[in-house]
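Alright, structures below, take your time with them.
Same chain, two partners: subunit A is paired with subunit B first, then with subunit C.
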Partner chain A sequence: MKLIGTDKPIHDARGKAAGFVKYAADIMLPNMAYVVVVHSTIPHGYVRQIHAEKALALPGVFGVFHCFNTSERTYSHYRSNIAQELPDEERAFNSYVRYVGDRVAAVAASNQETAEKAARLIEVEYEELPFTTGFDDTLAGQNCLPGESPIRDEFSFDVGTAPEKDGLIEVESFTEIPRLHHATMEPHVCVADYDPYQQQLTVYSPNQTVHGIRIVLADFLEMPFHRVRVVKTTMGGSFGGKQEWFLEPTAALIAKALGRPVKLVYSRGEAMSCTVVRAAMRAVVRSKFKPDGTLVALDMDVLLDAGAYIGNSCDYIRTLSGKPFRCYRVPYFHYRGRVISSNTPVSGAFRSWSAAEEAIMMEHHLDQAARRLGMGRIALRLKNALLPGEIDRKSGVPLEDIRIYEALEQGRSAFHWDELVEEDRAFNTANPRFRRGVGVGCGGHGNTYYPRFNDYGEGRLSLNEDGTVQAALTLHDHGCGTVTAMQMIIGEVLDIPDTDVYLPEGDTAVTPVDYGCFASRTTFVLGRAAYEAAVMLRDEILERAAKLFSLPQESLYLKDSAVRCRNDEGVKISLAQLSRESIVKLKRNVSILTQFNNTSNPGVTGVHFAHVEVDTWTGFTKILDYLAVHDIGQPINPAMCAAQIQGAAQMGCGAALREKLTVDKNGRCTESLSKYHLFLATDLPDIQVKLLTEGRSQEGPFGAKSIGEVCYVPAAPAVCGAVNDALGSSLETLPYDPDCILKYLAKEREQ
Partner chain B sequence: MTLHFFVNEKPIELETAPDRRLLDILREDLYLTGVKEGCAEGECGACTVLLDDQAVHACLTLAAQLEGRRVTTIEGLAALGELDILQTCFVEEIAIQCGFCTTGMIMSAKALLLKNPNPTESEIRLALSGNLCRCSGYVQIVKAVQRAAKELEAKRTCGV
Partner chain C sequence: MRCLTPKTLGEMADALSQFTDKSKVVAGGTDYVIQARRGKFDPDILLYPGLIPELHEVRLGERELRVGAMATMWEITKVLESVPAFRAVADAASDVGSPQIRNKATMAGNLCNASPAGDMLPVSWLYDAKLELLCGDGSTRLLPVDQFILGPQKNALEPGQAVISVIMDQKPFEGCVSAFKKIGSRERVSISREGMAALVRMGKDGTVEQARFTVGAVASTPLRVPETEALMVGRHLEDSDLLSAVTKIISQTIHDNCRPANRLYKTEAARGLTADLFARLQERI
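On to the complex of A and B.
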C-alpha cells in the first residue's frame, strides 16, 4: 500500500503552525454583536425578577435577553440524533435555576467589553431553595422539590446465571471518582448569523455533530431544517466536551432576535463550570473467583451524580454496564445503576463515554483480587482476558480478532515488567523516602454505535475536470487527523495522492446527514464509507474509460492518477482527460453516492503500563516510565495514532494523580486552570507506544479499528495501580494527589 | 494613550487604553488571530508572543508596557504562505493536532532557541512547561524543537 500505514501530518498542520487557521473565536462578521451570558449565582432556586435597565442604558448595548422576555420552549443539551427519546429540560434562560452557572440572562453589545460591563449591571433577584453538592446530601433528598425522588433513574440487570459453586473467593472494592474538566485548549465558542428575509440561520461552532445541533435548533426555534445551517469550525480540542449544546441555542436565539450575527465566547471559567464535566461516580464492585484466578461472577453497583441536569446520564450509566465485556470473560454479571442530581455542574460526555470510569473501577478491583488470590496482576488479567473469536456476552456481538491477551504479554516483556518489579523491591528496601511501583491497566472499547443503533455512513465522490477528487462525508476532525485519514483511504483506492482529495468538514448545507463524531465511529464507519465510495468511483471511472476509449473494462486499472490497461502498456488515460471526455462526450460527471451499513463492532483494546515513584515526604508522584500497547488493526496513519495515544496517557495521568473539579460548600465550582492541574511537558517521560496491527477488523477500512477513545481507557488504571503497588495501598478515591497520599501515609504511620 | 511599538518589525501607532491587554490589541486591533486565548490568566500559554525576544503571555501584558518595544507573533516568523524551520519541524514531526496550543508552543520554543541554540531535552521541556497541550503527551513537540535546534545549528555551521 502506498498511503495506508504511512505517517502524515494533519491536513491543516501548516496553517496551524503559521497561526493562519481560523477557529470560531477568530470569525469576524460585519455588524457582529458580542454576547455575554449572565449565570446564576445561586445553586438552586427561582429567578423572581431581573432588572436590566442599567444594562440597557449603556451605549452600545443592543439587547438584554432573559427568562422573562424569551421563549419558554425547552430543549435537551444532549440531543444529537433523531432516534433519541429524551426529556427536554432546559430553556435558553432558566427561571428555575439548578446550579451556580445556569443561564439566566445574556447581553448583546457592539463589543466584548461593553457586553461584559452591561452583564455586570444586570441585577437578578432569586428565591433560594435548599441545595446539595455531594453524594450523601443528594441521596438524602435534601434538594428535592415536593414529590421528587432523590433517585432520578435506577435499573439493574443480569447477564448469565449466578454461580452456586462453593469454594469461590470473594473480593469487594470501592472506588470514587471526581468530576473532571475536559480542558480543551480552545474554550467553547459559537457564532450565529440570521437573515430575516430568507429566514435563514447559520451557526458556526467547534462541535461533534452539525446535524445533531440542527435538530435541536430547528425544534427550539421552530424553524424548518433546511433553514438551519450548522457549520463545524476548526476544533481546538473536544474530548466529548463539545458534543452537548450550551452555547448554540443561546447564540442562535439572540441572532434571530437581533437579525444580525452574534459571537458568544465562553471564558475558561465558564467552560469549566457552565458546560459539561465528567460525572462524579461511586462504585462498589464485588466478584467471585476460582482459586486459580478464573473470574466466575462480577457485580457492579454504580452511583452517578448527573449534576444539575440529567442530560446523558441515564444513557451514560447504561453504557458503562457493557464495558467489562469488551475486555474480560465474565460468565455472570449483575449490575445496578443509579442516577442522582445535585446542584453542581452538569455532567456529560467525556472521552470513552464511561469506559475509562469502568476501567478505573474494574482494574482497581482486579489489583485487589490479585493480592487476595496471591497471583501476579498480569497473570490474573491473562487468565480472564478475552481471546480471538470470543463474543461480547452482553451484546452478543463477535469480538473478532481481539488481541488484549497478546497486548498484555507483549507489553509485559517490552516494559520489562518482571525486571522492574524486582528492581523496585530492591529500591524500596534501600530508600526510606521514595517508593517505586508498577501498574497495568487494560481497557476495551467499541468502533461504532452498532448494535445500539444501526450505524451507517454516506459518502459522495466526484471527479473534478483536472482529475482531482471532491468528497463529501460528514467529518468532525478534533485535531486527530480524520480528514487526512479519509484522504489517505480514498487516495489509496484510486491510486492518487491523498492531497488530491478535497474534503470539507461537517456542514449541513454541504455534507450528508450523519450521526456525528461519537462512539469512536469515524475511522471505522465513515472510513469504510469512504472506502466503499472510492471503490465505486474507481469502478465508475473504469466503466467510462472502457466506453469512451473502446477498451475491455476488466483489464483496466488505476495507477498514478491514470487509467491503465493490463493488455496494453501504451494505454494511459489521465483522470483529467477521462473527466473532461466524460463531460463532453457522455454528458455526465463522474460522480457517485454510496451508503455503507455497518453490522459489526470488533474488540478494540489497549494495555498501559506505568512505573512511578512516590515521594513519601511530599506525596508527589513522578511517572518514570510509560508504555501503551494497542490492538488497533491496520493503522491508517500510525504517527497520528501514536500522538493520540500519548495524549490519552497525559490525560489519564492527570485523572489518576491530579485532576479534580471541586465544588465548594456554596455550590461554586473550580473556575481556573490554576486550581485544576494538567500534566506539563516537564512532568512526563518519553511515552512509549507499541501498535499491534495483526488483529484486523472485518469491516473497518483496510482492517482498521478505532483509537481515539480506547487509548484513554487503560491510562488512569495503570497509574493508579502503580501508586498502590508502590505504597502497598488500595486507595479508593481519585485523584491520588499529594493530599490523598499524605493522608494515607499519616494513617499508615498511626497504625 | 498613544502607543508606539513594533509588531513583527513594523512600527505601529495606536490610540489605546493603557490597561488594554496585548492579546486584544493583537487579535482585535491588528487582526493577528494566530495568538490564542485559552485562559486569560497566564496558565495555558496559548497566547505566548515574544516581547523583545522574551516569551510573554499576551493576556497578562498591558499596553502601557509596550512603548518602544518589539513584539513578535507567530505571523512574524515567516512570510505569508511559508514556514520557518521551527514551524516546519512542528509539522513534519507530527507535533500538531488540534493546533490551539501550537502557536504559543512555537513562540516559547522560539524564545528558547534564541537564548539557547543547543538546549538539552530537559531544557526544552522546562521552556515549554508554561504551555499546556491537551492532545499530546508532548513527545513530538519536544522532538520538533530538538530537530529544529539541530537544523538551525547545521545552517549556522554551513554559514547559509
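On to the complex of A and C.
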C-alpha cells in the first residue's frame, strides 16, 4: 500500500502552526452582534424579575433576551439524532434555575466589550430553593421539589446466571471519581446568521454533529430542516465537550430575533461551568474469583451525579454497564446504575463515554483482587482477558481478533515490568523519602454504534475536470486527523495522491445526513463508506474508460492518477482526460453515491503501563516511564494514532493525579485553569507507544479499528495502580493529588 | 479611558499628577488584564511606564540592588542567577508562571498585586526590600515592603503614586548565599501553595554565622521565622538534626498561620520543601 500505514501530518497542520486557520471565533460577518450570556448566580430557585433597563440604556446594545421575553419552548441539549426519545428539559433562558451557570439572560451588542459591560448591568431577582452539591445531600433528597425522588433513574440487569459454587474468594472495592473538565484549547463558540427574507438560518460552530444540531434547532425554532444550515468549523478539541448544545439554540434564537448575525464566544470559565463536565461517580464493585484467579462473578453498583440536568445520564449509566465485556471474560454480571441530580454543572459526554470511568473502577478492583489472591496483577488480567474469537457477552457481538492478551504480554516485556518490580523494591527499601511503583491498566471500547443503533455511512465522490476528486462525507475532525485519514483511504483505492482529494467537513447543506462523530465510529464506519465510495468510483472510471476508448474493462486498472491496461502498456488515460471525455462525449459527470451499513463491532483494546515515583514528603507523583500498547488493526496514519495515544496518556495522568472540578459550598465550581491543574508536557516522560496491527477488523477500512477513545481508557487506571503499588495503598477517591497522598500518609503514620 | 505613556520620570510624574482614585498603572499586565477582563477596573487613566528606559534596569550597585519597576522576571533572573546573595530572587523570578508570563511580568507588579501567593513577596521580606514610590509632584519616597503590602490584594499606594523600583541593601548580605523554593499544583507553570526563602552566611568553620528564613503563601503576608534563624546559627547545614528541628518549627508556624482547609497539606509538605531548600543552600555554599 502506498498511503495506508504511512505517517502524514494532518491536513491543516501548517495553517494551524502558522496561526492562519480560522476557527468559529474568527468569523466576522457584516453587522454582526456580539452576545454575552448572563448566568444564574444561585444554585437552585426561580427567577422572579429581571431588570434590564441599565443594560438597554447603554449605547450599542441591540437587545436583552431573557426568560420573560423569549420562547417557553424547551429542548434537550443532548439530542443528537432522530431516533432518541428524550425529555426536553431546558429553555434558551430558564426561569427555574438549577445551578450556578444556568442561562437566565443574554445581551446582544455592537461589540464584545459593550455586551460584557451591559451583561454586568443586568439585575436578576431570585427566589432561592434548597440546593445540594454532593452525593449524600442529593441522595437525601435535600434539593427535591415536592413529588420529586432523589433517584432520577435506576437501571439494573444480569448477564449469565449467578454462581453457586463454594470456595470462591470474594473481593469488594469502592471508587469515587470527581467531575472533570474537557480542557479543549478552543472554548465553545457559535456564530448564527439569519436571513429573514428567505427564513434561512445558518449556524457555524465547532461540533460533533451538524445534523444533530439541525434537529434541535429546527424543532426549537419551529423551522423546516431545509431552512436550517449547520456548518462544522475547525475544531480546537472536543473530547466529548462539543457534542451537546448550550450555545447554538441561544445564538440562533437571538439571530432570528434580531435578523442579524450574532457571535457567542464562551470564556474559559463558562466552558468549565456552563457546558458539560464528566460526571462525578461512586462505585461499589464486588467479585468472586476461583483461587486460581478466574473471575466467576462481577457486581457493579454505580451512582452517577448528573448535575443540574439529566441530559445524557440515563444513556451514560447504561453504556457503562457494557464496558467490562469489551476486555474481560465475565461469566456472571450483575449491574445496578442510579442517577441523581445535584445543583452542580451539567454532566455530559467525555472521551470514551464511560469506558474510562468503568476502567478506573474495574482496574482498581482487579489490583485489590490480585492482592487478595496473592497473584501478580498482570497474571490476574491475563487469566481473564478475552481471547480472539470470543464474543461480547452482553451484546452478543463477536469480538473478532481481539488482542488484549497479546498486548498485556508484549507490554509486560517491553516495559520490563518484572525487572522494574525488583528494582523498585530495592529502591524503596533504601529510600526514606521517595517511593516507586508500577501500574497496569486495561481497557476496551467499540468502533461504532452497532448494535445499539443500526449504524451506517454515506459518501459521494466525483471526479473534477482535472482528475482531482471531490468528496462529500459528513466528517467532524476534532483536530485528530479525520480528514487526512479519509483522503488517504480514498487516495489508496484510486491510486492518487491523498492531497488530490478535497473533503469538506460536516455541513448540512453539502454533506449527507449522518450521526456525527460519536462512538469512535468515524474511521470504522465512515472510513469504510469512503473506501466503498472509492471502489465504486474506481469501477465507474474503468467502465467509462472502457466505453470511451473501446478497451476491455476487466484489463483496466488505476495507477498514478491514470487508467492503465494490463494487455497494453501503451495505454495511459489520465483521470483529467477521462473526466473531460466523459463530460463532452458521454454527457455525464464521473460521480457516484454509496451507502454502507456495518453489522460488526470488533474488540479494540489497549494496555497502558506506568512507572511512578511518589515524593512522600510533598505528595507529588512523578511519571518516570510510560508505555501504551494498542490493539488497533491496520493503522491508517500511524503517527496520528501515536499522537492520539500520547495525548490520551496526558489526559489520563491528569485524571489520575490532579484534575477535579470542585464545587464550593455556594454551588460555584472551579472556573479557571489556575485552579484546575492539567498535566503539562513538562510533567511527562516520553510516552512510548506500541501498535499491535495484526488483529484486523473484518469491516473497517483495510482492517482498521478505532483509536480516539480507547486510548484514553487504560491511562488513569495504570497511573492509579502505580501510585497504590508505590505506597502499598488502595486509595479510593480520585485524583491522587498531593493533598490526597499526604492525607493518606499522615493517617497511616497515626495508626 | 486615556492611555498615558511617559518617556521620562518627569513625564511620569506629570501623568501621575492627573490621577484620580480610578486611575491605574499597568506594567507587565499579567494580573491587570485578567482582572480588567472580569470588569474589575474601569480606569479613567491607564499609565504604562514601559517607555522609560531606566525602569527596565536591574542594577547591582555597591550599596544596593535596584530592580526597576519594568524589569521582567526573565531579566531579573538573568542578572541575579549568578549573584549568590540575591540568588533567591532569581529562583523566585525564574519559576513564576510560564515563559510567556516571565517575559512580561515584573517584580514591582507582583508586589503591587499583593497576592499572598506572589513569589516575590517572601524574597522581598527576606531582604527587607524597600519600594521607591514616585509622586505626582516629582518627589520620591521609600517604603519598607512590610509597610507597603497591607494584606491580600492591598497595598499602600495612594492615588497619584507609583512604584518605580524595588531596592535591597547590599551590605547586610555580603558573602551570603540564598535560595527560594516553592510548591504549587505541579512542577512548572504553577501558583505557589507554599514558598520558602532562606539566606545564610557561613563562617570559616563551616557553620552558619547569620541566617534569615521566610515563608510565603501561608498567611496573608510572608512570615519571618526568627526561631529558625536563631537555631541555624552555629550549626552545619548538613546536620540532619538541624533540618528536623527547623522543619518542626516551620511546620508549627505554618500550622498556626494557615487556613484550616489547607492546614494538613501545608504542614505536612513543609518537610519536603524545607529539605529541598536546605539542599539548594548546600549546593551553593
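Rule of thumb we're sticking to: the second predicted complex is superposed on the first by the 751 of 751 C-alpha atoms of A that agree within 3 Å, B and C clash if a C-alpha of one lies under 4 Å from a C-alpha of the other, contacts with A are read in each partner's own complex, and residues count from 1 in each chain.
We take it that a contact is a pair of C-beta atoms (placed from the backbone, for glycine too) under 8 Å apart; a residue touches a chain by one contact, two chains touch by 3 or more.
If you're wondering where the values come from, they're calculated on a predicted model, not measured in any experiment.
Looking at the shared chain after the overlay, A:249 reaches neither subunit B nor subunit C. When both complexes are overlaid on chain A, the residue A:667 reaches neither subunit B nor subunit C. When both complexes are overlaid on chain A, the residue A:617 reaches subunit C alone and has no touch with subunit B. In the superposition on chain A, A:13 makes contact with subunit B only, while subunit C stays out of contact range.
Touching more residues of subunit A than its counterpart among subunit B and subunit C is B. In the superposed pair of complexes, A:680 makes contact with subunit B and with subunit C alike. Contacts of A:101 after superposition: neither subunit B nor subunit C is touched. Contacts of subunit A with subunit B, set against its contacts with subunit C after fitting on chain A, overlap at residues 674, 680, 682. Residues 7-10, 12-14, 16-23, 25-26, 28, 182-187, 234-237, 239, 267-268, 478-481, 639-640, 642-644, 646-647, 649-651, 672-674, 678, 680-682, 684, 686-687 of subunit A touch subunit B in their complex. Residues 27, 31-41, 43-44, 46, 73-75, 77-78, 83, 87-88, 90-92, 94, 96-103, 106, 122, 124-126, 128-129, 131-142 of subunit B touch subunit A in their complex. Interface of subunit C with subunit A (complex): residues 39, 183, 185-191, 264-265, 268-269, 271-273, 275.
By the touch criterion given at the top, residues 116-117, 120, 433, 615, 617-620, 658, 674, 677, 679-680, 682-683, 738-739, 742-743, 745-746 of subunit A touch subunit C in their complex.
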